[in-house]
Each structure stands twice: as structure tokens, then as C-alpha cells.
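Below are two complexes that have subunit A in common, paired first with subunit B and then with subunit C.
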Partner chain A sequence: MPRPNTYALTWRLPIIVWQLLFFIGPLLFMIAMSFFLVKNYRMIEAFEMKNWVKMFGRNYFWDSYWLTLWLATLSTIVTTLVAFPASFALAFRTSETTRRWAIFLLIIPFFTSYLVRTFSWYTILAESGVINAMLGTIGIDPITMLNTKFGTIVGYMTLTLPLVVVLQTFALANIDRNLVQAARNLGCPPWRTILTVIVPLAKTGLIVAALFCFILSFGDFVAPYYLGGSKPPTLPILIIDTTKSGQQWPRAAVVAVVMMVTLITIAFTAITLAYRKRASA
Partner chain B sequence: MTALVELEGVVKRFGDFTAVERMDLTIEQGEFIAIMGPSGCGKTTTLRMLAGLEQPTSGTIRIGGEMMNDVPPHKRDTPLVWQSLALFPFLNARENVEFGLKMRGFDAATRKRKALDWLERLDIGEFAERNVDTLSGGQRQRVALARSLVTEPQLLLLDEPLSALDAHLVIRMQSVLTRLQRELGITFVYVTHSQSEAFAMADRVVIMSKGNIAQIGKPRDIYRTPANRFVAEFVGRNNILSGTVTTADAAAVQIETPVGSFTVTPEGPPPAIGQTASFVIAADLVNITETAQNTGNSLSCTLISEEFIGSMVTLFLEAADGTEFKVQVQERALGSLDLKSGNTLHLSWSADNAHLLIGETE
Partner chain C sequence: MSDKILAPNRRDILKYGVAATALSAPFITRANAAPTEINMLAWYGHGEPDMVGEFEEANNVKFNAKYYAGGDNMLGLIAQSPPGTYDIILSDGEFVQQLNEAGYIEEMEPADYPFDDMLYEDFEKFPGHWKDDKLYSMMVRCGHLGVSYNTKSVSEEEAMSYKCFWKPELKGKVGHFDWHLPSLGEMSLYNGNGADLWDLDDDKWEAVQETTMSLRPQVGGFFDYGGTFNSLKNGEMQAMVGIGDWITGVLEKDGAPVASVVPKEGGIQWTESYSIGKDSEKADIVKKFIQYMLSPEGQVKSAQMAAYPGFAITKAGREALIDDNPREAIRTGQVDKMLNDPIRLLKEGRIHYRNIPVQQDLEDWNDFWSEYKNA
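Moving on to the complex of A and B:
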């Protein structure tokens, strides 16, 4: 038996205790709660499949599930594509100093509450907002942007875009420039190096950035509620609604567990893909 | 022979820094040329300009008679073997070799056949489907070579390709490279800081110093008749003495130096009397004896140390005024020489073996 390394253990202990107390503990409790029952607006400890059967049997649950999955996927695709040119420019076309300032500026939005930033979109997207006012001056009728899926995606991107740009920039800036030049030297035109060399080399970082975007979007309550109009509800909104209507905490727990399982599956797949050595065996 | 590469008055500046001050060089079709010099001499910049990875600030570069100054790298056929090899880690050995063919629009079957042919030719066919990370340094080197040669270029550029290999692998790869170059009949431009690599492989060697060409010549000429003090010192194992010309005619030049007066046979027109001049005497052309030689060029020195590298021994000595001398002798020719440091030994050499550098001083 190897002797336990007390030094290492001492340093690791706080994080282990923290994780046990505030993550594993509540998670286990939430799983247990999904089997509880509610009678007369009060929760009773039990081990019944009722909540699971009920939620899985309802169309509105599945509608909400697929909607959330779709919106988070769309947000990930759009954010990744919108961020890439910016990250590319920062990584390859700017000086070290400019890049440092840009990363600093990209972190600044996180100083302000995400909720505040979301509300500020009202002044821009509303029927009488900035965009519609400008469209009005050239004689175009107002476009409805609030309380639409478009609004939700804008909200998601408010949260994720700066982070994705930062992560992508790091991934791209770490690429060995010789490999890009080697591709050019072997007859690869500049625009083609992006797909043939740069993306494969930055693959790990790009996938991790996209994963963060997906996780944040999938679990976000603010954007779909305030900018997306909450109808139909995404899963986080469904959780709130379920707890509010008749104290159905156990059914909300079912939704939460389903969300956890989905995120764990996607995160695991993404990380596996990110670190896989080669695309084809 | 026809010229394949012509550099005419090529200058390259990066901001205030001048990497190449002036480069005039013609490289023949099928020639193996080595560009050698200390780091920062502009040899790699020159190579990168040939590949189109840098544009010359002024001057012209022609390849195959065509003006290449503004031709981007991907429109040239000038593959480069990188010092770091720059193999693509996300592709296996075969896919790495196929890369250039893919860019040129060859179909998958042709690409595969050509790539496997080249890997086979370089004796690494069995590793075709292996991830390049799992290959040894020598194998990776061969993948890099195959990747550059598979498109059948007229010109191959090599940037210190052997610098990361073990000494015994360097010798093996040198023979692989020279054999390939002879078989293919294409031009190799080989940048290195290693004299042994350059001298062993190249038809001609270009010595660069501070962005200029210090000398161009066959390895033997560079070694025996360095054009200037820089080359004489860079090539190493040379003794250089400087002084004033006291007598001079077509047959003999007498130079008065701080350690004595020596005779040199001039190869060209003799210098004027009173002019400063240096001469080079290679370490392996100096005789060393225990008793004084009173004929010709001779000198007494104190032995400082010796360096034994197998069949050859280098002796380090000092003249009365502190001038250092190097003498290289066959180990078996040392005989009964008493090599205790501090001993006095006598050096002598023939005036014909000394090489005159007119006007060159310290």
C-alpha cells in the first residue's frame, strides 16, 4: 500500500470538501427528490416513479426539451461562426499588445450583471427601439425582435460571445505558425489553410469554446425568459414554472436531472472529440 | 549547365534590421549548394525568400528564368524541409506526404500511390499509416523529405534539416540526401551552420556573414584558400598571422609579424611593400618537432593543451607573445613527441602552404 501523501491531501482537501458539500450532496439530494411525492402542497419522502412517468408522458416536457436542445445548438453554431473571424483576426492579424488589450476588453462585459446587459437589449430590439427607429427613417415597418427565438439567441450570445472569442483566440494564438507556412509552402492558398491546417490544429480549444457556449445557453434562464418571451418555455423556465405551480419540486427535479444527464453526455462526447488525435483511424 | 535560381542585388530588411544586405548568387540546375554561416547571417532569410515566405525589400529573384519576387508561396514549386520538420500532427505519415498532391488536385488513388512510393523509397513504407508523433526523429525526417519531394519539384530547400538528429543519424541522412539529389538531378539549397554537413554534401558552399556573401566556392577551395579573415576563422582550425609586407615578388612575399618574419608564396599578384597583410596556415599543414628547424618558416611555442578526437589530435600552443597556434596531427604520427604541457615545441611550415590575405588585419 502506498503511503498517503499528507501534503498533497492537505492541499486537495478544501476542493474535495467543497465539491462534496455543495455539488455532489445537492445533486444526490436532487436525484432522490425526483422520486418524492407532493400531497396537499407538501413534499413527502418516498420512492415512486410517478414524477418521471408524468413528466415523460407529457408533450409539453418533450417540446420544451427539444426546443432547449435546438436553441442551445443554434446558439453554439452561430456564436462559434460569429466569433471565429474575430478570434482569427486577433490571433493572426494583430500585434501581441493589441491582442492583450482586446482580451481585456472582452472580459469587461463580465463586470456587469448579465441580467442588466440583457435588459439593455430592450432599448435596441424593442418595437420602438433603436433598430426599428432607424428602419423607420428609411420607411421600413418595425420588425418584432423581442419575444422571439431571435431574441433568445441574441440573449445567449450576450452571455457567451465574449467568452468564446477569448477561448478561440487562445486556441488559435497557440498554433505553430510554421505549420501554417508549411501548408502554404506545399501549395495551399491562404484561405484554404483555415480548414486544412488552422482548424484541425486548434480543434481542442475550438471544441471546448463551443462546449462552454452550449452549456451556458442550455442552462440559461434569463435570455429565453426576458428576450424570448418564455413561450414556449425552455427547460430552465419549465423548472421555475413547475416549482411555482403547486410546489411541484419533485417534478422540477426530474427536469433538472434530465438536463444534467444531457449536459454530461454532451460534455463527455465533446471532450472525447476534442482530444481525439486524428479524424480518421 | 543552366541557371535555375538567380538572385540579383537581393536585400531584405525587417524594420531597422537588415537581414540580407546584398545577395548576388546564381545556382545551377542540379547543383547541391550549401549556405553556411553563423546565426543571424541571413542564410535562413535567403532560403525563406526563395520559398516566397518573405519578399525581398529590393533586388530580383528569378527561378527558372521567371521573376519570382511577388509570387506567393503556394504558387511556387519550392518545397522546404523545415528545421522543426513542421509535420502536420493531425495527419498520419501517408496523409502528410499526400498534402502537396491534394493541394494540386490529384485524385485520391494517385495521391496514395505516389505517397506510398515515396515512403517506400525512403525505407519507411511500413510506417505509412502511423501517427507522426509515434515515429522516431530519423523516421520523421524521412516523412518530411517524402512530403517535399512527392510533387517532383526542380528545387528543394532545406533549412538545417539534420540539426535535431543524433550524430550517427546525421551521417546516415547525409548519404540519403546526396544519393537522392544525384538520382533526381534536382537542385538542393541547403542551409546549415554545420561545416561538416556543408562540406560533406555540397558541390558549392556559400559562406555568409552579416547579410553578405563572404565567399562562394567548392568545399576544398573554401577550406584551403579562404577569401578573407572571416571565412578563415569561421572554417576553423586555421592559424592567422598579420603583419607588414617587407619584401614582395611573384615568387615570395615576406611578412613581418609580432612573432617573426615569414615567407608566403602568393597565388595572385604580390602586395606592395609596406602594405598590411595576413596569411593563413591550416592547422593540419603545420609540422611539429622537438628540435628546432632552422629552415624556412619556423617558430618555437609552448604547449598549452591537447584535444584527442580519435585518429586526429589537435595541439594548442602559444608563441612568446601569447599568440595562439593550433596544430592538427595524426595520432599515430605523434610518435615520441613529449606532450607535457609547458614543453617547448617547434612549428614549421612550407611557404607554399601558407595562404595570403592582402590588406586583412585583425
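Moving on to the complex of A and C:
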């Protein structure tokens, strides 16, 4: 029987302990909590299915679920498409120095609070805001952008776009330029080179970037509440509503567990897809 | 030398002891001067310097405020904390009874408070604040909920009925303060339930739900305090259900074209009351603070609280407000014989105290609210 490598174990231990303490432990507690009951605003340990039956039996739960899934998917698609040209330019059309500066500038938004960045959109998207003022000068009536799904997507992108550009840039910058060169030398047109050479080569990074975008959007409370007007509410808002009224933490735990299961399923599928090798010819 | 350190004689001990005491004197003085910490559970703003600053300075105390939003949230926070965590609890009037039933608050001595100076007789025996003739909570301020609107798109005449929320021009411009109680209460008033707005049988509850659902196409969003504030300020929302001067008053002072009225169908009164936390070791200083908040000085501060204004509830408090800031007193109708004098509205039966549903569970109302938001 081989002896365990103490040195390797020592270095691996912190992350294992961290995950056990701050992810697996709370996750198990949350699952257990979804079976608890609330009496006089206090949680009572129990093993009852009431919360699951209650939440699954409500139309508003499913409406929120499908809406959240759809908005997060839309955010992922739009962010990925918007980010790609910028990432492509940074990876292939700029010098090493410019790329470093660009990445530094992309990280800067994270220095400020996401909530503050979200509120700053009010001055831009409001009917009396900057965009509508500009449209007004060319005779276009004000467009409602705040408290709409458009507002929510803008908020999601505020959170995710810089991160997706950075991840995509790293993925694209690391692919073998010789393969791109070879495709071009063999007469492959630019768009086809992108689709059949660059994208497949950077597939893992691009999918991971999209996955991060999905995860952050799916769990975000700020954008749908403050820019989407909570109209209708997404799952994170439903969690807040459920805890606010009657302190129904167990029912909120049901929503949270459903969110976790959804995210784990999607993340697992995405990672499988990202690392799947092409079938050899 | 080393022997001397290891085995000091009595003279050395005295010498070094005196020196050490002299050197540590500033620290001892400072330790004596350390302020008494008072843990407060309240709506946002009550523990801020504009409200407690002067009292802290005068009494060498320091308030540690924990803020909540909504009575449920308050009860939950207390339930999840060890007994004695909160020395003073500010709650909405309708939740005092639940605080008392759960044993979270101490009995208070009525003689300690100015009951003979109340502006309205109901305030002396406010519902839920007394049990078996024993006092458990002391009302300190109140305010009204009705129609809040942008004066550029809604006239005062239109705002005098909840019907204005259905005005075609306001489609997508009507906002809700995201709490079912005030919004559904207003819908109940619009349905003509008057004083029975919280006591709805099945048919009336069904009718309130239908009325509320019919408003949904008009609704532009559901907001918390910050969102409500911003959306009214930037004109994104032109009318708001479930709020009153406690939000528009702050904006009005800032020059925004907004106002609040109590419509002809009636308005709702929010009431805030202070209780002494069960097993608090600082009950005496907390009592002194509640007395301070009910003094003319405290009432003036309370009426002009930076976070959200309220009405003075004592005669001396109202007089002090008129002396201190007559403009604000007139703006809020806190002058005898004014048409919008809150006490006059109460006497005319146009104001109803906010309550929790009588015939339904709070959960039913909350469920409907979630359905409504998703509709």
C-alpha cells in the first residue's frame, strides 16, 4: 500500500478544508433547512416536505424560475457576442503592452461597488437621462429603459462583461498562432478562420467565460431589482421576498437548492463540453 | 540589581506602584468615560446622529443600531438573537402585540411618559400597546400613507382618489413600495372597505385581489426605499402606491415636483413605537431616551428626521415644531385647523391605523403579493 504524500497533502489541505467549511457544510445545512418549519418567526428543526410542496405548487415560483433561466441565458449570449470582438482585437490586433493595459483597465471596474455602478445607470437610462436627452435632440421620443428586462440585461452586463472580455482574451491569446497562420496561408477566409480554427482552439476558455457569465447573472439580485424594477421577480428576488415575509428561511432554502442544482447541472454540462476532445478523423 | 528586581522590598513596591498608577491614570480616566452602549433595533434612520447625537453626548452613551425593513423582518431578527440582545426596539404599532406575546419586551411605567399631552386620545391607549392595563410600548411618531404623485402629471384633484393609479397616461409609471401590507390596504380602501379594510371576508378579499390585479398593467416596478426614492426623483415613476410623505417629504425638500395626499377613500397611518427590550440591563437609560424622544426637543427631531419625516404626537412637540420650523409644520399640516392636519383627518375618520389581516393569514396576503408581482 503506497504511503500518502504528506508534502502534497499539506498543500492541498487548505483548499479542501475551505471547501468543506464554506461550501459543502453550508450547502448540506441549506438542504437540511429546506425541511425545517417556522413557528413564531423561529426555525424549528423538522423533516417535513411542506416547504417543497408549497413552493413547487406555486405558479409564481415556476414563472420566476423560467424567467431567471431565460434572462441568464440571454445575458450569456449577448455578453459573449459583445465581448468577442473586443477580446479578439486585444488578443490578435494589439501589442503585448496595450493588452496588459487593457486588461488592467478592465479590472478597474471591480474596484468599485457593483451596487454603485448599477445605480449610476439611473442617470444614463432614465427617461430624463443622458441617452434620452441625446435622442431628444434628434426628435426621438424618450424610450423606457429602466425597470424593464433591457435594464436587467444592462445590469448583468455591468457585472459580467469586463470579466468575460478578460477570460476570452486570455483564451484567445494562448492559442497557437501558427495554426491560424496556416489556415490563412491555405486560403481560408477570415470569418471561416475564426469559426473553424480560432473558436474551436479557444473553446475551453470561451465556454468557461460564458459559464461565469451565466452563474453571475443567474444569482444576481441587484440588476433585476434596481434596473429591472423587480418586474417580474427573478429567483434571487423571490428568496429575499420569502425571507422578508414571515421569515420563511426554509422556503427560501428550497429556492436556493433549486438554484444550486440548476447551476451545478449547467456547470457540469458546460465543463464536459469545454474539455470534450474532438473525435479523431 | 537583578536580585532587587526578583525580590523587591516593600518600599520598591510602593514606589513602582505609585509610578504605574500615575502613568496609567489617563487610561483609567478614559475607561471610566467609555460610553454605555445601547443596542437599538429600528427602521433605518433612528440611530443616526441627527436623532441620537445630542442624547449620546449629553448622557455618555453610544447607540449601536441594527436596522430592519418590515415588521416580519424585525420579529425574525429578535427571534434569532439571544434574550437581552436589544435594549430598545422601535416597531410598527401593529407589531407591538406580537412582540409582547412573544415576551420580547418589558412592561413600562405609564407615569414616566407624557400621556396627558397627547394630540389625540387614541394615542393614549394605542391598539396593542397595552395589555391588562399594563403599558408595553410607547408611541413616538406616525405618518400617513395615501397617493404619492408627480405634480406635473397628476393634479391634486385627481390624486384625491386612488382611481388616479388607473389613469391611462400613467401606464407603466405607477410604482409599488415593495410591501404587501400598505399596497393591499390601499386597494381595500379603494374598494370601499373603510374602517374594515383589514377585516375582509372571503368575498371582500377576493374583490381586493381582483382590484389589485387590474392595476398590474399600470405598474412600472416594485421598489425598496432607495428604489422608490430614485424612481420618483428621476421621474421614472409618476405615482406610487403604498407610501406617503415619509418619502415624498424628503424629495419635496430637495425640490422634486412630488407630493402626497390622503384621498377621499381614506388613508393609512403608520405608527412607530419604542419598547424596552426584555432583560435589558440598560432599561433606565433607555427609558430616559424614550422620554427624550417624547420631549418637545425629541419630537422636533423626530418630525424632521433626515431619513424620513413623521408627525409629532404631543401638543408640546407640535408647538415646538411650529416655533422651530413653521414652514415644515405648514407643509405637513401640523398646525391646528389646517385642512390636512393629521389629527383633523383622524377625527374625520379618514385615517385608519395600519394593521395585519384579521380574517386571512399574513401568508395568504404574501402569497398573493408574489403572484401579483409575477403577473
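The definition used in the following text is that the second predicted complex is superposed on the first by the 278 of 281 C-alpha atoms of A that agree within 3 Å, B and C clash if a C-alpha of one lies under 4 Å from a C-alpha of the other, contacts with A are read in each partner's own complex, and residues count from 1 in each chain.
Just so we're on the same page, a residue touches a chain if its C-beta (ideal position, glycine included) is under 8 Å from a C-beta of that chain, and two chains touch if they have at least 3 such contacts.
These numbers were taken from a predicted model, which means no experiment stands behind them.
Peer 1: Answer with clash or fit: subunit B and subunit C placed together on subunit A by superposition.
Peer 2: After superposition on subunit A, subunit B vs subunit C: fit, no clash.
Peer 1: Identify the partner contact of A:77: answer first if only subunit B is touched, second if only subunit C is, both if each is, neither if none is.
Peer 2: neither
Peer 1: Does subunit A have more residues touched by subunit B or by subunit C?
Peer 2: C
Peer 1: Quick one: classify A:127 as touching subunit B (first), subunit C (second), both or neither.
Peer 2: second
Peer 1: Using the superposition on chain A described above, determine whether A:105 touches subunit B (first), subunit C (second), both, or neither.
Peer 2: The answer is neither, since A:105 touches no partner chain.
Peer 1: Of the two partner chains, subunit B (first) and subunit C (second), which one does A:183 touch, if any: first, second, both, or neither?
Peer 2: In the superposition, A:183 contacts subunit B only.
Peer 1: Quick check for you: in the superposed arrangement, does A:49 touch first (subunit B), second (subunit C), both or neither?
Peer 2: neither
Peer 1: For A:24 in the superposed arrangement: first (subunit B), second (subunit C), both or neither?
Peer 2: neither
Peer 1: Smallest separation in Å between any Cα of subunit B and any Cα of subunit C in the superposed model?
Peer 2: For subunit B and subunit C in the superposition, the minimum C-alpha gap reads 45 Å.
Peer 1: Which residues form the common part of the subunit A surface touched by subunit B and by subunit C?
Peer 2: none
Peer 1: Quick check: in the complex, which residue numbers of subunit C touch subunit A?
Peer 2: Residues in contact with subunit A: 69-70, 72-73, 75-76, 78-80, 102, 172, 175, 178, 180, 219-224, 226-227, 230-231, 234-236, 362-363, 366-367, 369-371, 373-375.
Peer 1: Flag every residue of subunit A that touches subunit C in the complex, lowest number first.
Peer 2: Residues of subunit A touching subunit C: 40-42, 58-60, 63-64, 119, 122-123, 126-129, 144, 146-147, 225-226, 228-233, 238, 241, 243-247.
Peer 1: Can you name the residues of subunit A that touch subunit B in the complex?
Peer 2: 176, 178-179, 181-190, 192, 196-197, 200-201, 203, 277-279
Peer 1: Could you list, by residue number, the parts of subunit B that touch subunit A in their complex?
Peer 2: Where subunit B meets subunit A, its residues are 51, 53, 72-75, 77-80, 82, 84, 86, 88-92, 99-100, 103-104, 131, 133, 147-148, 151.
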